[in-house]
Amino acid sequence: MKRILIASAVLSLVACGGGDEGGGAVDTTAQGGGAAPAAAGGGSVTGSVTFTGTPPANPTIDMSEEAVCQGKYASTPADPEVMVTSGKLANVVVHVKSGLPAGQTFPVPSAPAVIDQEGCLYHPRALAVMVGQTLQIKNSDAVLHNIKAVPTKNRGFNISQPRAGMTTERSFTTEEITVPLECNVHGWMHANIAVLSHPFFATTGADGSFTISGLPAGTYEIEARHEKLGTKTMSVTVPATGSVPANFAFTATTS
Amino acid sequence: MAHATPTLEENMMDPPRGYEEGAGVYNEKLGMWVFLGSEIMFFTALIGSYIILRVAHPEAWKPPGEVLNVPLTAINTFLLICSSVTMVKAFAAIQDGNLAGLKRWLIATVIIGAGFVGVQVFEYIHLVNDGFVPSEGLYGSTFYTMTGFHGFHVTVGVICLMYVTWRAFQGKYSAADHRGVEVVGLYWHFVDLVWIILFTIVYLI
Amino acid sequence: MPTIKSSVAGHASATGEAHTHEMSFLRKYIFSTDHKIIGIQFLIMSLVFLLAGGVLAMVIRWQLGFPGQAMPGGGVLPDTMAPDGIVLPEFYNALVTMHGTFMVFFAIMPLLVGVFGNYLIPLKIGAPDMAFPRINMASFWIAVPAGIMMIAGFVVEGGHAAAGWTSYAPLSERADLSGVSMGQILWCISLIILGLSSILGSFNYITTVINLRAPGMHWFRLPLSIWALFVTAILVLLAMPILSGAIIMLLFDQTIGTHFFGPAQGGQPLLWQHLFWFFGHPEVYILILPAMGFASDIIANGSRKPVFGYASMVFAILAIAVLGWGVWGHHMFMSGMNPTLGTSFMISTMLIAVPSAIKVFNWLGTIWLGSVRFHTPMLHAVAFVSMFIIGGLSGIFMASTPVDIYIHDTYFIVAHLHYVLFGGSLFAIFAAITYWYPKMFGRMMNPFWAKAHFVLTFVAYNFVFFPMHQLGLQGHMRRIFDPNEYEFLQHLQGLNTFISISAFVLFAAQFIFAINFIASWFVGEKAPDNPWDDNGLEWTVPSPPPHGNFATIPRVYRGPYEYSSPLVQEDFLPQNRELPPQPAGSAAHT
Amino acid sequence: MNWLLPPGASTFATEIDWLYYVILWVTGIAFVVTEVALVWFLIRYRARPGVRATHYHGNVKAEVIWTSVTAAAVLVLGLMSAGGWDRIKGRNSVPGDAIPIIVHAKQFEWQITYPGPDLQLGTADDFTVRNQLHVPVDRAVNATLTAEDAIHSFFVPAWRIKQDAVPGMRIQVWFQPTQTGQFEIACAELCGLGHYRMKGAVTVHSQEEFDRWNVNRGQLALGQ
């Protein structure tokens, strides 16, 4: 016991400066002191993203080597590149591309954006965060995942989560669309993160719908981005209060 | 070897007196020779890597003169050789006890050495402006690493020479004792020699 | 009379009367130019790193012995290293890397060369100090920031360097592959600075040994420890700049985008390996030659007998130093290097076993017909020989290229290198520290606790490293965070746990040494001038020796190993003792 | 203590294991002789009152003998190893009828490209499988190792084969399994934080079984 005490004392010396217990070296840049999202007032953009035509077949994934993940699927899992449910397209990031007053800063959402690794896939597969917003990475699989981000403008990271239930927090410092995430242990795992300088973004779920709220009145260019199907933009004029619709339609031929 | 019981002071004499026969030269000169052995290995690592990479990928190098300014560097090489000559002159002067000559030739060496570094900096600025940067393939990688470290050695040499010059103006050297001049001179000639090799393999081949 | 001394850069100072007037504490103990103080400074610094390297090893052993379990006290570590006290794979890789780096560059190498090179060379050759005392001081104070930087790597973002102490490119040069950026850069800069420190130290040693031997100290009257340190200094002088050059290229690859070792634009990953091992194999001998020298001195003393075959011992050192430049490729048999080159490297590697074997046989010959005194240094020195035998023999397995295919990069090499570096170098270091401690500090170490430390260390050491041969023979790869991922390794967990528990005992035993070392400094029995009845010049002066070492430069009449000489009553005959002229045909040697 | 190697399952295992045991015997004898001598000398020549050590500086004859014996022993071992090395790794050692495959290593997986039913790489029926190596028994396989990012090392302990995969290089390694069954590929060169589980599964089939698998997968590849 004494040995262990001594060892840990020395360890703590070695580790000094590395942050408190549990605090870790999370480089969350605190901004805005936990201000609520800009939803307090302003108008909003609501709409849905549809897909017309036959969606391309998603490639199947041979997970036989990873029994823990394989066990979570009844049949052979597919790589959810294009997810269409009754004509609605999921995993589309919709965000304000331009039109915001230059130089204005917005409070950073205090709630973290969460990305989960379960069944050896990322959930969600597409995600948007604001600069400075906490990105929380969770591992719900009892296997090793590594999370490698290879941005071009931000500082990248490559960390591991060897156990189930682990969470790690990171954040980004610069606007960048998009930062790819990958797991090298399971080469099929990919996700994309859009890092934006403002909080006016949303991601579509299975029903293809989205809402961007809290926008000041004005005319904006809105972009919808899908990792395989490309981008679509549209111009909308947002009233001081109330909602303006914006619907995007992707087709099989879109590239 | 004649002393039976040499005193401590004699340790530091030129050459060390009262000891078992060593290299036959004073400590600083021996030390510089040994140190230059280390320097040779350092440049061997850089030049050896250069040769290995170039033999494996000859296509990564542009023909001589296409990117690098050979005439300018040839003049610069000539300058550095001249500085070796002035260094020899400085040493010869103090061997004759000619302190004024020492000062004159040392100043000349310092100026030429600094000029060499200046021309190299000028060359770097031009190359970088033309888009030839260290990350420009194997050519840029090896060029900047090798010439850069040589330039660093020349800079160190110039600083040492300035120190020796300052001491010369203090009158610290004489025909009997001018070890600092000789030792720094050895280093300076070495740096000069390395440059001739680098100029040949980096610029001319 | 001008007693001007100018150093390389042309400095000058009057050193003649330096020892006559009082010096401030700062000048005397901190920024001292006295080789003995500098040696002790290196000793303290490298023992701290030895401890730190040991702590890292304990964390490694915890993970391997008890994989996935929370480490006792591990909760103090930040989440980037060990969340909930459970070590992360990336932290494990950093641990492995830094254990190697600390031990090789900041513990064993300075302990052998920095400490004893400094302390022993002037004393044993009869010089008042090094040829360049202030460059000597600089070499220590340059090493300090290098050490601080190397420790600082643990707390920077991305963690410490994690590409192994060999830092194979491209893993080491690309942050996206390793997740490490600043840590690897600090690793590079620290080693470049440390290289400069080593070079400054070694050219000083070389000059001193060549130029400042006391009258009568012929080359073939030098103690083998000095021969070994001298040859080692030459190896350091010529090998370190190769490493510096290679690391500079690696650093440029990381920071300014050059392409030396990255294949994307024609760089060659194997070039790094060739450069690293062209330095690295001489480095291996840097880490063992001084140990051999200390063992020779101490075994002769403990056996009360001249070293068997002094001349062949010297030639063996020289042969190792020369052949050591031609065997680097044996680290690269599996690297994709041309197989024909592999064969020639195998033959040269086999040949280098010969001088090592000569040394072992000569140590045995030294003990044979002796009258062995089992003082602590002798115990450590004998342990050195017996462990070096194992380390040397296990090297033959890996030298044999076909067998190496199987055991390359497994725990067999881990066992081998620890038998040489711990069983070899570190036991010799313990021998040397316990031997020269009385001279350094003027006090004796407690002999009971010193022997207790030896016994525990020797037993626990073998329990730790001997089973690693077996791990390797079962194919257990090195640098593996959790071997249980592989079915063929799962049955080895019990052995791994046994090794880990032994390692904890081994680590704990070192505190006996640490406490003995520190306590004896204050309360140890006052040491006489010559506690071991040794012949060396250092034992003719007070313990500790005064500034300037010798009142007058001694005159040397014979070699250092004239024990049990028939010429005198005592069983030792100091090198500087003048005997009345002997009749012709006497037994006096050299 | 178990000095035996685990069972081998390739033609190389026979040769490597035999050489290992030869070296084990030679070094074992050297170990026993030197360590016994050391311990015996220490006991026999311990300090005793009134007994003085012999003042003795060495014996050239003894030194010549043990130097030459050692040199001869290691040279013989070296020459014995050279032949085996050449048969395993020599550039011309690959049998002409070996099945060509490509093993591409990347963090942290092995991508194995098979030649398909025609046993020719670079044709339309080639297919790539992640982390699964399927080979027939008693048939030589010639793998071309490539790497994408860091250096990896292809290690199949049961086959006694190991070879680094280096980015920017194409390295040949061949092997001939002698037993059917399941084995493991390990990565033996530190390649990053997932190094410890960069593993692959080896299945050695009977020739018929392999042909079935191969044709099956090849047709799938052509179908896509």
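To keep things simple, chains are lettered A, B, C and D as they appear, and every chain counts its residues starting from 1.
Quick note on the criterion: a contact is a pair of C-beta atoms (placed from the backbone, for glycine too) under 8 Å apart; a residue touches a chain by one contact, two chains touch by 3 or more.
Everything numeric in this text was worked out from a predicted model, so none of it was measured.
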{"item": "Centroid comparison with chain D (C-alpha atoms), farthest chain", "value": "B"}
{"item": "Centre-most chain, if every chain is reduced to its averaged C-alpha atoms", "value": "C"}
{"item": "A-C or C-D - the one linked by more C-beta pairs in contact", "value": "C-D"}
{"item": "Centroid spacing, where centroids are CA-atom means, of chain C and chain D in whole angstrom", "value": "31"}
{"item": "Chain B-chain D separation of Cα centroids, rounded to whole Å", "value": "49"}
{"item": "Between chain C and chain A, distance of the C-alpha-averaged centres to the nearest whole Å", "value": "51"}
{"item": "Inter-centroid spacing, chain B versus chain A (mean Cα positions, whole Å)", "value": "57"}
{"item": "Per-residue overlap in chain D, given as positions that touch at least 2 other chains", "value": "107, 192-194, 197"}
{"item": "Junction residues of chain C, two or more chains touched", "value": "88-90, 177-179, 266-268, 482"}
{"item": "Chains grouped in pairs wherever the two touch, ordered by label", "value": "A-C, A-D, B-C, C-D"}
{"item": "Residue ranges of chain D in contact with chain C within the complex", "value": "1-6, 12, 15-16, 19-20, 23-24, 26-27, 30-31, 34-35, 37-38, 41-42, 45-48, 51-60, 62-63, 66-67, 70-71, 74-75, 77-78, 80-82, 84-86, 88-91, 107, 145, 149-151, 153, 155, 157-158, 160-169, 171, 183-184, 186-197, 199"}
{"item": "Of chain D, residues touching chain A in the complex", "value": "106-109, 129-132, 192-194, 197, 201"}
{"item": "Chain D-touching residues of chain C, taken from the complex the two chains share", "value": "88-90, 93, 96, 162-164, 168, 170-171, 174, 177-179, 262-263, 266-270, 303-310, 312, 334-336, 338-340, 342-343, 346-347, 350-351, 353-354, 357-358, 360-362, 364-365, 367-374, 382, 385-386, 389-390, 393-394, 396-397, 399-403, 405-406, 408-410, 466-467, 470, 473-475, 477, 479-483, 485-488, 562-566, 571, 587, 589"}
{"item": "Footprint of chain A on chain C - complex, ascending", "value": "51-52, 55-56, 58-59, 68, 72-81, 83, 86, 88-90, 151, 154-155, 157-158, 175-179, 181, 482, 504, 507-508, 511"}
{"item": "Touch list for chain A against partner chain C, complex", "value": "2-12, 14-27, 144, 148, 150, 155-160, 162-163, 166, 168"}
